[in-house]
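Chain nomenclature is as follows: A, B, C and D, assigned in order of appearance, with residue numbering initiated at 1 for each chain independently.
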Amino acid sequence: MSASAPFLIATLAHQLAGSRRVAVGALSPMPGSAAFLARAQGLGPRQITVLGSRSNNDFTEGGRELFDRAAQGRIDAFFLGGAQIDGGANINLVAVGDYAHPRARFPGSFGSSYLYFLIPRVILFREEHTPRTLVEKVDFISAPGTSPANVYRPGGPAALVTGRCVFAFDRAKGRFRLESVHPWSSIEEVRDETGFAFEVPAEVPTTPEPDAATLALIAGPVREQIAETYPAFAAAL
Amino acid sequence: MEPLAIDEAVARIAPGMMVALPPEYCGVAMAATRELLHQGTGGLHLLAVPQSGLQADMLIGAGRVATVEAAAITLGEQGPAPRFTAAVKSGTIRMVDATCPAIHAALQASEKGLPFLPLRGILGSDVLAHRGDWRVIDNPFGNDDPIVLLPAIRPDVALFHCEMADSNGNLWIGRRRELATMAHASSMTIATVETLYEGDLFADETLAAGVLPAAYVDAIVHVPRGAWPLAMPGHYERDSAAIAGYVAAAASAGGFAAWLAEHLARDEAA
Amino acid sequence: MEPLAIDEAVARIAPGMMVALPPEYCGVAMAATRELLHQGTGGLHLLAVPQSGLQADMLIGAGRVATVEAAAITLGEQGPAPRFTAAVKSGTIRMVDATCPAIHAALQASEKGLPFLPLRGILGSDVLAHRGDWRVIDNPFGNDDPIVLLPAIRPDVALFHCEMADSNGNLWIGRRRELATMAHASSMTIATVETLYEGDLFADETLAAGVLPAAYVDAIVHVPRGAWPLAMPGHYERDSAAIAGYVAAAASAGGFAAWLAEHLARDEAA
Amino acid sequence: MSASAPFLIATLAHQLAGSRRVAVGALSPMPGSAAFLARAQGLGPRQITVLGSRSNNDFTEGGRELFDRAAQGRIDAFFLGGAQIDGGANINLVAVGDYAHPRARFPGSFGSSYLYFLIPRVILFREEHTPRTLVEKVDFISAPGTSPANVYRPGGPAALVTGRCVFAFDRAKGRFRLESVHPWSSIEEVRDETGFAFEVPAEVPTTPEPDAATLALIAGPVREQIAETYPAFAAAL
């Protein structure tokens, strides 16, 4: 069994607890839904800005405002993905193989090379959890997971949510720690399917399933709100 | 300023020029892009501000693009941009990978007549590693504090589609301020507009707040549905079916060639 | 966001804070300034964006100002600012001379979370010679090309008067974009507004183009005629007679003291 | 006899011949009037931006737009004044005497320290023509008249108009040349009343008087247009 969209949305929403101002970037239907869900649950975000949306977007300075606002410390949480993510939380949104002659090419780094440094709580999300996506070392660093102490970096990765588990990221150690395993998976499976080493604490809980109220929110207001920007995704939800 | 015919306006884009293009949610001049395909203008340097999609993909597929600088090229929910992806993999275009705020900042440097603007972040990324034109200096106001400097980008043309133009050549862009930055930073601005506004946009302070002044505008073309098949918020939605048709055709070089030939023939007939 | 009483809003300005102020043609919060005089808040660091006049002069005359950074302090057609001029000559304030674009750029640096922004010009001026906080570097992209770097300015408070606020705390500033830059760059924004708008300013894209979002706004006070005796374009003209009265009184320290005492007494009675 | 306002406005307007895009800064009623006159005469400016005006102001980016536009090369001519102006076209808008303890203090440098470098044709204007205002060396340089060759400087001073004469500025030589003397003055008087040395060519014409048509324009549309920003000046014109 694999993760259902509502399960992942609920799991991502949980990561927003306490984050008051959340922004959602391009190509992010699940994170966008999670932000709307977290707000509907009263979990955290009062202010949600969805790139490319009109009704959930209070930017009036054009495309640069997301980046300026992040730099001003006015955005608390953000989501990033990766064609590859490695054990140091480096993310690759560009190419697999040799950069000049890639085996696979992806859209590009978007704002990741910047926002990963500036937004306090960046939640990584990649549904496909295989040794192909979660690698020991990414082929191209769109944005590094950690930086030397002298680099200005108020932000960085907080967690990685996949189709099998949730990892927390320890910035001091520069590595992931298994935080919970989804009900249909196991620590062993996660180990087998992950290309990088990570910490496993003595107790690893099961990621909680969304309750009926949560599912109703997703099927109702969340689905409606995300439809403006991701109509195909909302239709399939 | 008299509106021009679309072929006249687009003819100002010469081979080899650097053309700044807005993101898909922000008024892409698709009708002008089809005209550009007709005119056969090649060797273009596309600057996505900061990302592009269908527009870049068509020009790349038709072999009209030498260089792409972008933070991303994507068709959004319709998936990867097929001809872009193929071109990068086969090395037929020069791809200059950037990150969104770097493109905004480099245009703001040009807007301010500056040789460069600094930007936080980026350090330790391969985006930086592959940019021979970016520099890292030690922040002169700090202490062992490296920071990236981005050279200004001055496009030859800013090309976009927006809400309306008045008879003085002022454009109403609303809160799509990236269009203003593009125009300020570029040597020439060509805009297609959804509607024409009778009167002076500056006569009403409410409208004036969303104006890009005529001082920055070189050519205006009145093209209703000028962003189709992309969206023009407030006027029409993204035509997902039309884009899906393109994606299916453009999956292969041959499919794209057939799509282009059919497209050019249909336009000739029109 | 509920509008506050003026005393409550102004009380957030603590002694010693750096307060960013707009130019006289652009929505000066004069009613709030009179309240500030009442509250006796002292040791202020005024940042004129990029110039100020009556507002700065009153605060300086009342001895509430430690430092002024400005490209100019002037009453325009009413002539020099009398208490400013006297204070600089007698050395009772620290005057930090700047030039308009340097103040705009230093605020944009703060808006972008940058330690500095470069700026052309200025070289060889005594403005630069007296600024120990500005640096000159050799443009890393040039060849023997000196350029000035300005450190970011992050005011504690942006204080201004603007057209209207909606019930969500969004402000309509129209094309007075310096007010947005001030708010973006500052830790806190206090605005007085001429009118209240029923509804959501973002519900109408035409209005949205002139909005400063609530995300940047910390306190709003509804004060009709809040810029008086300065102008609020579209509402009232500059009250030249009232300003001339001030100028006459403020020509001497004693005259200013009498004007202030009378002003404070009249306000207490009101 | 001293210069009348219409005479000076007409003389300043003459300096705008061929300048298509003219901006007028703060505290500049005469230069503003000159710009409107030059446009009415068809002399040059098609586009006039008056700082602080609403109807003659097409800025939509706030106060920074004047400076950005100048840097983009979109402004051809501008006016600057000076409490003092010296023979090297250095201007002082700040203080006379010691900077820390000035004998006289003026509003400040405004945008001069920047615009003087960037706008191709800067016309200096100071009505009072005495050794007090036209000095050998200014006490404070708000903006220098010339710069070393390695300094980025597409702009600079073109002329100086006073109540007695018009000087042209030779950027290569870094000094003024007498261009014309107003009808009520003379080369000798200009020499006596000028604190700096300047070049005097063999032939120095008399500054032409405005004709009736010009005076009518000033009394009519020009006066009306400048009244929005400078009502007291317009009332006295």
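Note that a residue touches a chain if its C-beta (ideal position, glycine included) is under 8 Å from a C-beta of that chain, and two chains touch if they have at least 3 such contacts.
Here the structure is a predicted model, which is why all the values come from computation and not from measurement.
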{"item": "Least hop count linking chain B to chain C through chains in contact", "value": "1"}
{"item": "Chain centre separation (chain A, chain B; CA means) in Å", "value": "28"}
{"item": "Geometric centre distance via CA averages, chain D-chain A, whole Å", "value": "58"}
{"item": "Separation of chain B from chain D, taking each centre as the mean of its C-alpha atoms, in whole Å", "value": "41"}
{"item": "Chain B, residues touching no fewer than two other chains", "value": "105, 112-114, 119-120, 145, 147, 175, 180, 205, 208-211, 233"}
{"item": "Per-residue overlap in chain A, given as positions that touch at least 2 other chains", "value": "54, 59-61, 67, 71, 118"}
{"item": "Contact graph of the chains (line, ring, star, complete, other)", "value": "other"}
{"item": "Chain pairs in mutual contact under the definition given at the outset", "value": "A-B, A-C, B-C, B-D, C-D"}
{"item": "List of chain C residues in touch with chain B within their complex", "value": "105, 112-120, 135, 137, 139-142, 145, 147, 149, 151, 173-175, 205-211, 233-234"}
{"item": "Partner chain D, residues of chain B touching it in the complex", "value": "110-114, 170, 180, 184-185, 202, 205, 208-216"}
{"item": "Interface residues, chain A side, partner chain C - complex", "value": "21, 47, 54-55, 58-61, 67-74, 118"}
{"item": "Of all residues in chain A, those that touch chain B in their complex", "value": "26-27, 29, 51-52, 54, 59-64, 66-67, 71, 93-95, 99-118, 140-144, 147-148, 150-152, 230-233"}
{"item": "Touching residues (chain side chain C, partner chain D) in the complex", "value": "23-26, 49-51, 70-74, 76-77, 80-81, 84-85, 88-89, 91, 97-102, 104-105, 108, 119-130, 144-147, 175-181, 233, 240"}
